[in-house]
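Common to both upcoming complexes is subunit A, partnered first by subunit B, then by subunit C.
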Partner chain A sequence: MDKKTAVYICTGCGIGDALNVEQLLEEGTEEFTIDVSKDHPCLCGVEGVEVIKKDIADEGINTVIIGACSYRVNYDVFNFGPDVIVERVNLREQVAWVMPPEDENTQELAEDNLRMGCSKAKDTQLPEPFKAEEEYSKDVLVVGGGIAGMTAALETAKAGYKAILVEKEDKLGGFLGKMKQSVTMPYKELADTGAAEMIAAVEAEEKIKVYTSSTVEKISGGPGIFSVDIKNNGNAVNERAGAVVQATGWVPYDANKLDHLGYGKFKDVITNVEMEEMAAAGKITRPSDGSPVKNVLFIQCAGSRDPEHLPYCSSVCCLVSMKQATYVKEQDPEAVNYVLYKDVRTVGQAEDFYRKAQQDGNIFIRGAATEVGEAGGKLFVEADDELLGENVKIEDLDLVVLAVGMVPASKPAVTPRIKAPADAENADEEGMIEVLPDSGFFANSALNLAYRQGPELPTLKYGFPDSHFICFPYETRRTGIYSAGCVKRPMETAKALDDAAGAAMKAVQCSELTAVGKAVHPRSGDMTYPEFNMNRCTQCKRCTEECPFGAINEDEKANPLPNPTRCRRCGVCMGACPERIISFKNYSVGMIGNMIKSVNVPEEDEEKPRVICLICENDALPALDMAGIKRMKWSPYVRFVQMRCLGSMNLVWIADSLSRGIDGILLMGCRHGDDYQCHFVKGSELANTRLSKVSETLDRLALESERVKFVEVGITDYEKIPKIIDDFMETIEEVGPNPYKGW
Partner chain B sequence: MADVQTTNQSILVVGGGMSGITSALEAAEAGYDVVLVEKNPYLGGRVAQLYQYFPKLCPPNCGLEINFRRMRQNSKIRFFTMAEVANISGSEGNYNVTIKLSPRYVNDKCTCCGKCSDACEAEIDNTFNFGMDKIKAAYLPHEFAFPMRYVIDPSIVETEDGKKCQEVCEYGAIELDMAESTFDLNVGAVVWAAGWNPYEAEKIDYYGFGEYPNVITNVMMERMASPNGPTQGKILRPSDGKEVKNIAFIQCAGSRDENHLPYCSGICCLASMKQATYVRERHPDCDISIFFIDIRALDRLEDFYTKVQEDEKIQFIKSKIANISEDEATGNLLLEGENTRTGEQLRMTFDMAVLATGMVPNKIDIAGAPEVAADEYGFVINDPEKAGIYGAGCVRRPTDVASSVADATSSAFKAIQSIARR
Partner chain C sequence: MENKMGYNASFAEEVFRNVDSGDEIKMCMNCGVCAASCPLREHMDYPPRQIFSLIRAGKREEVLGSQSIMLCTSCYTCVVKCPRSIPVMDVMHGLAHYALKKGYTPRIEAARFGKEFWNQVYRRGRVDERDLAQRAYFAGGFWEGVKKILEFADVGIKLVLHRRMKLIPEKKIKGISTLRKMLDKAEMLDKGRSVQ
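What follows is the complex of A and B.
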């Protein structure tokens, strides 16, 4: 587009008092083509906005640079529609409110900020949303036909969309279909499972296409344009889908590993799943001889909350044992149930069912089983009774039920191994290494994604493909693919119903956003996407390896094959690319490079160091804003450059900055590591890793390593920001000015 | 202000906490028009008052910031703060709703410069900090407040202070004659995400809350630990400002108790363990005792329990504390009960006690509103037979943030289905 650019400086909120606005407009814009430049005492007021709108209408202004408050406020006021580029230059929270007024350094800071804004506006283009060549589908592929899968399909249909349901067994229902009864909201009495009705509803729903005895052989493409190969009773079928819900459920923990609890040794020691199947089949009897049961003992956390087995809690087993105790009592009111537990975990209104189970006369014993044995044809269990403070022996038991936990269907029985990278420390003799759970090569086969980063969803440490984010439980490492139900997290039926509906919501939403070329969370609505200038690609594979969302495939010659509908627009690929060939319309290596180049570097004898701070817009930048709102003070020598994610940081910016005399580079990004807070999962960590390569640049320039520093800044760390900056400035002062100034 | 046009294709979300924000965003991002109303002057609800989340110990503002950004760039959402539902009638696919807006006395010209607050002398109890400190009567609710706009407390509207605020504002943002107003909406579905209130700890009379200053609640503790809280993040005894040397967390304070809240609020165990980590971080010498009935750390949250148990300064004691009394001279608290593990009578003295009180749902309490199913505790039941108004988050069950968000996402879908059916 032909740009007609206007600059507006607001003099309100103390900006006019702190700065020489006339000089700012002159110095800050002189290197740029600016058609209109004005100041206004209250730009966000009705009259101020009117001035801008009038210039847009009368002068044909289509690029507006606003020197005023933070972009985080008045975003709606300064929105002039999709055809006008708006660039916000912060003169308030980062300048007028935190720097001494009418000061040379303050003025220079404002001028640099304006220059950077002008430079960015010059290089920014309006986004042109991605449109795939294929026709978009908004159908939802649901993998797994248990309670979560069936619910996801039904909810999708109720919202007017179509679903394709793939189940490996010959009938729908999953574990729900095997249960006798359920205990669910409102947790007063046992209830019918509703499985038959649910299966009938799915089968009757014309918007749902059901494939039983089927597996997903391959999913290629991306959101909106998934191509799904299904093997249906041996026949190959292809379907198209806009998004995917993985609801492949769970398997019980292998009780054969619990021989210390008598499983496999005594026939009358069974698992809760076997108990349920027996109850559903009709009568609960002793497996050893088919005789009726009088005394039953449930061992809770059998293998759960146990570092040797499953370290986590499966959250449903307490309720399940209480339910099964009820079956026993219903069958024989004189029967006695013992429940041996660590903690009873009936949260929410489910506490009501625990109360009922106690009132029904079931005996709860807090303690751990020390021995399960057999005497006189009956079982006994010895346990440390925590409340009595002594070892107790419960004898004459007909049945011992082990409340085993849930293992996600995605968890491999044996961790797969791959060829270790050259620098790996724990490779075996054959050079192989265990695949980590957060790899796409870890989980059991379910989706078979034709993705360069592996066929399955990356998982958390216990094999659940769940989100690591508390605020965003449907965040996923593979765009448009959402997990639901017990494969994601152990959960009871009431929660699985909601979780599946939520996953279906996300699936439909992803299809809708993709169809109009918009990104999904966390940059939802972003219409830019990375464009690759393939002429200069050196097939180094960094982009395909580093993309946190597996968006980029590779051909056999290692050329990247971007899948824009999988992209989350974080810019990690752009940061990774040594050839700088990856660009967004409003964010590119060249653009940020030019912004940094627009910063004036004073001569050494002026004794005014210059530091570039590349700052993540998700957490660190709002924290900086907050520090500004709190009127904290920091060095006027730092120039902040906003990053989509620190993972988009390209090392060339650091090299270029240092080679033109910038004294130091400060990087502010999110926490990484196990409890990472990076909204793009790996961005912050990758930036930190990339930094290790900065030493080459520094060595080449014969500069000190202290000139580049990475700091983790959380959104509430605003109190720490002045000190972080001051400490860094102190370091820069110690190492002295960059000798490349003036080159 | 209320020039909002809606149709029976629109969705109303009541409550601007994490659940409401989520429902609104999820529906809007799928292409639906949404109106979000929140009674406080800011969005964010209870999570905005939290210092950190368990188990990651990360700041809730981080997620809120992302959500506010999603909201900023999405023209499908209109939101109103200081707004409540005054009336609602109709049925699925066609509800007529009247929204009442309380006067903020500050209009959208506010630039957040803070001069009104500087000029104002009158102070009011800071409700954001549960009254543990005071703020000026012209105030920003908290520094991450969204929308970022000041509020004038009604108490100074007719006073000299009010006039001073108005005079000092250079932008004409203060309108002392602002009055309560209403506007009407037509919507196809409603998501009720009005959240929860902490159980009133005064009702548990044997714990002396309200009588003994050093007995506080878990939500107060959260504010105390926040750097922007009443003590700038220091854990100090309310009675004398002394740093705590030993502190007790009393689990199930009023919960799992048929005289109070018969249900379990699901989050208090983890919240107390999290707060124990706050104390340890700030006061490494402080001894911590957590008195519990059962520790309920579901699924992988068990890892957090495992980690906290490794801390030698934190001991878990299985006991339902029967009584708290205060030593008047020192302000110290004597806790009495039975250690159910040893069977011994327990008498222990602490500087401070934190009551892990439960969640009470904010049910639909609007005269003449269509009937919405609820259980005996007031939690909304999403009855498929009475579709159209859906509960989301802690109005349905007491639960943590991740589950609330998942639930709110599902409720957004239910609301979309209501519209699709018409």
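What follows is the complex of A and C.
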């Protein structure tokens, strides 16, 4: 497209007072072909926008550079349709509001910002949305027919989309179908599980196709174009889907490992799942002789919150034990229930049911069981009672119920590692051991993804699919595949219902966006996608290895096979590629390189250092804007370059900057590690890893390693930003000017 | 010999059924806010929270023989603060009454003082400060009484100088029999309540 470029500078919000706008328009655009340049006292007002619209209509302007506020505000006002490229240059939060007015350095900063904007606009092309060759499907595949799976299917149907429900057992219902009663909203009394009604609703819904006794053999393709091979009673069936909801649920923790609590040793020690089955079958009796139960003791956290077993809390077992204690009381009002607990965790309104259980006279004992034994045909439990501060003995027990936790019914991509017990010999240097692969969740893969990075969803350390609990709870690290229910994290019925509905909505959203070539969260609506110049590919596999979302497959010669519908547009592949063959229409290695080159580097004797800050647009840039809004002050020598994700940082930018005489490079990205905040899961971590290799570049240029620094900035860290910048400027001052200036 | 305390639900049942407000104990979740807010906590052998734990554990002797249940001054702080809205104060009084009924003798001064206070009111219709103090001090034995008198001699002298305490015995009020009738009635009502 032939570009006709216009530059508009807003002089409102204090920009006009701080800067010499005439000089800015002249100096900042000097090296570029600009057809129209104007300033306006209130560009975002009706009149200001009208000026731009008029130029677009009359002069045929198709590239608009707006020097005003941050791109994060007024994006709707400065949207001139899909055919006009808009580039925003920040002169307000980063310049006028934080720098001394009418100052030489402030003016230079504004000019550099404008130059970078012009350079970026010059290299930007209009996006052409990706269109797959196959026809798009908008059906939702739901794997797992328990409460979460059925809800996801029903919600999909309610939204007007078709659902395909695959259940491995011969009937729907999952754990809910096996329960006697459930405790759910409003948590006052026991209630019917509602499983039968839900199964009937699913079977009556014509938009839902149910496959029972079926497994998913293979899922290939990507969002919008998933091809699903299902084995249905031995027959192979192929279905097409737009998105997937994994609701494969949970399995109880293997109680055979709990022999210290008497499981397997005494017949009358059972798990909460066995208790539920017994209650659902009819009468609760002693398994050893079938006699009625009078005294029952529940051991909470049986294996849970224990570094040697399940290190986490399953959040439902307390409620389950209270429910089962109620069964016992209903059967025999004179029966006595003891509950031995670490902490009672009845989350939210479920506290009401705890009150009911107390009102019923159940006796709660805070402490840990030290021994489970048998005397005279009855069981006894010894425990350290924390509240009395002594070891107590509860005798004459008919039944001991172990409240075991939930383990996700999925196969983790990596063997979970947990903190090793003190006496473990095989612990690694971090004091971790690998959990042996026999604890139930190492069943077969539920999804069998034909992805280069493995058949399952990548998991967090305890085997739950990776997703950001707070920021994007439904997303997994496989685009278009959403987890719901207990496979994601332990939850009770009411939460599973909400969770499944949310996942179904995300799935529908994903297939709709994909069908028009748009990205999903976090860059939802983005129509660009990575394009590969395959002629220069050296088959190094870095892109296929590093893509956080497994979007790129490989052929047998290790050529990357991109699946653009799986892509989240983070640009990690672009940053990884040593040959720089991956680029987006509006984001590429060359473009950012040119932006950096457009920054003016003053001579050494001017004593004006220049620092380039590559800043992540997801958390660090909003934090910087916030610091600007708060009118904090920082050095005028820093030039901020916006990144889609710090993971898209290519080392060539650092080498180029330093060889041009830029004094330092500051990288601001999200927190990484176990509690990462990166919107693309491992972008900032990858950037940090790449940075460890930058020392080669620095050595080659004979430069000090202090010149490049990575800092983690959370969205709430805006108050720290001025100090981060000032500290770095101090370091640069100590190191001295870059000797390559003027070359 | 191994002396492990056995949990025994029978005392808990006894308390739930017989003690005034006793079944409120069921709702205790042992957070300890009552103990933390009690102004008399440091004088108690078991804080209220632990009393409740002991009841559940079946420690009859410890609970009914404890000083704590006698010490409560009805300041209401625990009742206001209890997240489970348990009338802790009523429970403590309920337990105290139950203990007295079951023949447990209060081991502490506060209870002796209370008893003497009641006797004085019943006898005279008013409290004789000097007589009350003297009786309360000597209730624990002769030497303890002498020690207490010496300890509070300063206060006593000042009270006399400010005419807050008379050295000659107080007289009975007029119509003492009417007051006694009222007090008898009150005691009867109270006993009726706790027996119920």
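We adopt the following convention: the second predicted complex is superposed on the first by the 705 of 743 C-alpha atoms of A that agree within 3 Å, B and C clash if a C-alpha of one lies under 4 Å from a C-alpha of the other, contacts with A are read in each partner's own complex, and residues count from 1 in each chain.
Here is the rule we go by: contacts are C-beta pairs under 8 Å (C-beta built on N, C-alpha and C of every residue); 3 or more make two chains touch, one makes a residue touch a chain.
What you see is a predicted model, and the numbers here were worked out from it, not measured in a lab.
With subunit A as the common reference, the superposed partners subunit B and subunit C clash.
Of the two partner chains placed by superposition, only subunit B is touched by A:622; subunit C is not. Contact with subunit B, but none with subunit C, is seen for A:499 once the two complexes are overlaid on the shared chain. Shared-chain residue A:524: touches subunit B; no touch with subunit C. In the superposition on chain A, A:355 makes contact with both subunit B and subunit C. Residue contacts after overlaying the shared chain place A:659 against neither subunit B nor subunit C. In the superposition on chain A, A:227 contacts neither subunit B nor subunit C. In the superposition on chain A, A:490 contacts subunit B only, with no contact to subunit C. More residues of subunit A are in touch with B than with the other of subunit B and subunit C. Of the two partner chains, subunit C is the only one that A:392 touches; subunit B does not reach it. By the touch criterion defined above, A:13 lies against subunit B but remains apart from subunit C after alignment on the C-alpha atoms of chain A.
Residues 344, 355, 366, 387 of subunit A are contacted both by subunit B in one complex and by subunit C in the other. Taken together, the subunit C residues at the contact with subunit A in this complex read 4-7, 9, 12-13, 16, 26-30, 49-50, 53-54, 56-57, 84. The touching residues of subunit A, counted against subunit C in their complex, run 336, 338, 344, 354-355, 358-359, 361, 363-366, 382, 385, 387-388, 390-395. Taken in their complex, subunit A has these residues touching subunit B: 12-14, 42, 44-45, 69, 72-73, 75-76, 155, 158-160, 185-186, 305, 311-315, 343-352, 355, 366, 386-387, 389, 460-462, 464, 467, 469-474, 489-491, 495, 497-502, 504-506, 508-509, 512-513, 520-522, 524-525, 618-619, 622, 626, 629-630, 671, 675, 677, 679, 714-716, 718-719. The part of subunit B that touches subunit A in the complex is made up of residues 18, 25-26, 29-31, 51, 53, 56-67, 69-70, 72-74, 109, 111-113, 143-144, 148, 170-171, 226-228, 256, 262-266, 294-303, 306, 318, 340-343, 375, 377, 379, 381, 397-403, 405-410, 412-414, 416-417, 420-421.
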